[in-house]
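Below you'll find the structures, each written out as structure tokens.
Next come two complexes, and both contain subunit A; in the first it sits with subunit B, in the second with subunit C.
Now for the complex of A and B:
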């Protein structure tokens, strides 16, 4: 009845069920906190018209239309840092539709924020980190349907629980300024 | 060392031993049913995966457990963390979506078959990598919906490290299976 094996069995069963109950409680508490006190983030993005050239990076096979950004951005993301926040993943994304009817969303800049002290974002005159390439049609140049919108989105990664996504700032209707050869 | 157990087996007879084996088999079968049932609900072939590489640090480290779902008609957004498999490579890769291109009317994109409404082309990149995953795609320019196993919804830290340890040291796996099998057969309750 009280042999070594049954003792170990009972202790480990209790340990694993208590651990799972604790993790479930943390997840539910985080979800409730987000539902009752939703964080309000107001950010600003401003941008000059995006310069477009026909160019090719060494990793591509042929020349394409490429966009070059110059943007300013401010956002205060400290309300997102709770007791269960491990890190914040920020990304600046461009959304536009090209002439073939393809809706494109492209991440142009990102940053990982691990401490609440770094959560105030203030950037002036930044360029895009990743190449802004048009997939095939005329997305940026003559005949393009419209302008692009730029959004600052965040992904909150908790210590334990579900991943959360949200948008911190948005700038609509930014035109493209097409130059000929680079 | 086992003389007592062997005497007990001979006393109880063949039926009892057979009952033990059947109990063992039913435990394994119900575990498999739960696993496959979970896969059906989440619409993915492996609803729980272990992170194998450090390419998503500091978000996910080696040995973290990830929970996936794969809603059949939902489109993927940039910023989603997806697990995908390239045909020809067996390992699932956990990276974040960098670009999505959604087709609204039939269009021919160079290098691919005709794409129709509802299809998506996706480009991914690991957080800890400097460049996107083009080299990992084995010749493809874009990922499509069919390559993606699922989207990460939640995670547990460290729990999966035991499967990595068992893969790196196969003797550990056999030793563990042997000990469990032995315990299951010689326990009398």
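Now for the complex of A and C:
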């Protein structure tokens, strides 16, 4: 502390330690808050039977089974927003079993929520954002078990701390409505 | 012989007053009691403001407020502690007087 520069050195070192301690305290506080008051999210998904056509996008060579969704969804995710929440990543995922008996999960719709004001999800008559097709070929069309489950999953990204995953809503046993070629 | 050596070495310890004044000002020396005080003030200030910013930020549920408070308190601390204020120079080191003349010559 004898000269100007050593004082700068010492104060900045102390400040770094204090900042790290503050971040650690925030992380621990968030962990405790989640353990003591776990957020209860109840959401609803409703869907008509998923239409499956043999179709292809302009860049594909062959025709393939593609599914088309029409769903309604409501969920109130405001309990998830604390002082340590940076953003929420919501995704609607379909889980189904294909012809070979392999379980697949595919993300069909997603949204990033940055403010608690936007955390109430209410969607009516939406379509899937991303193509619903099995990359290897035959998945959910003729011959496959004709049901899939749809889940609204969230990924909470904090400012400091570990990522948290959870499920906000689930709809099971939605049948596939396989149509003839377009 | 020894006295001539003493005078010879004294001519090197005497510096040009103008540049030495500027250098001393920029170096920002403070005496030992001042250094101790600066150390205590910096530690107590930063510890308490860290705790305060956590508590108030948690109460207001705002991370931005916590870090703004910590930043503002650091700026004020720098103003209080970094420059060599006269209050940190109130206890200069008491040097003993130069030992009396040579015994030989």
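The working rule: the second predicted complex is superposed on the first by the 173 of 182 C-alpha atoms of A that agree within 3 Å, B and C clash if a C-alpha of one lies under 4 Å from a C-alpha of the other, contacts with A are read in each partner's own complex, and residues count from 1 in each chain.
In the analysis below, contacts are C-beta pairs under 8 Å (C-beta built on N, C-alpha and C of every residue); 3 or more make two chains touch, one makes a residue touch a chain.
Since the structure is predicted, the reported quantities are computational estimates derived from the model, not experimental observations.
Bringing the complexes onto one copy of subunit A puts subunit B beside subunit C with no clash. Looking at the superposition, the partner that touches the larger set of subunit A residues, subunit B or subunit C, turns out to be B.
Contacts of A:29 after superposition: subunit C is touched, whereas subunit B is not reached. By the touch criterion defined above, A:47 reaches neither subunit B nor subunit C.
With both structures placed on the common chain, the touch criterion links A:112 to subunit B but leaves subunit C unconnected. Applying the stated contact rule after C-alpha superposition, one finds that A:159 touches each of subunit B and subunit C. Of the two partner chains placed by superposition, only subunit B is touched by A:104; subunit C is not. Legend: residue contacts after superposition of the two complexes on their common chain; A:84 is shown touching subunit C, with no touch to subunit B.
By the touch criterion stated above, A:8 is placed in contact with subunit C alone, subunit B being left untouched. After overlaying the two complexes on the shared chain, residue contacts for A:21 are found with subunit C alone; subunit B is out of touch. Of all Cα pairs linking subunit B with subunit C in the superposition, the shortest spans 13 Å.
On subunit A, the surface patch touched by subunit B in one complex and by subunit C in the other comprises residues 159.
Within the complex, the subunit C residues that touch subunit A are 26-30, 35, 38-39, 42-43, 46-47, 49-50, 53-54, 57-58, 60-63, 66, 70, 74, 77-78, 81-84.
Those residues of subunit A that touch subunit B in the shared complex are 23, 27, 59, 86-87, 89, 91, 93, 97, 100-107, 112, 114, 130, 135-137, 153, 155, 157, 159-163, 165. Taken in their complex, subunit A has these residues touching subunit C: 1-4, 7-8, 10-11, 14-15, 18-19, 21-22, 25-26, 29, 82-84, 159. Within the complex, the subunit B residues that touch subunit A are 58-59, 77-81, 96, 98-105, 107, 109-110, 121, 127, 131-132, 134, 152-157.
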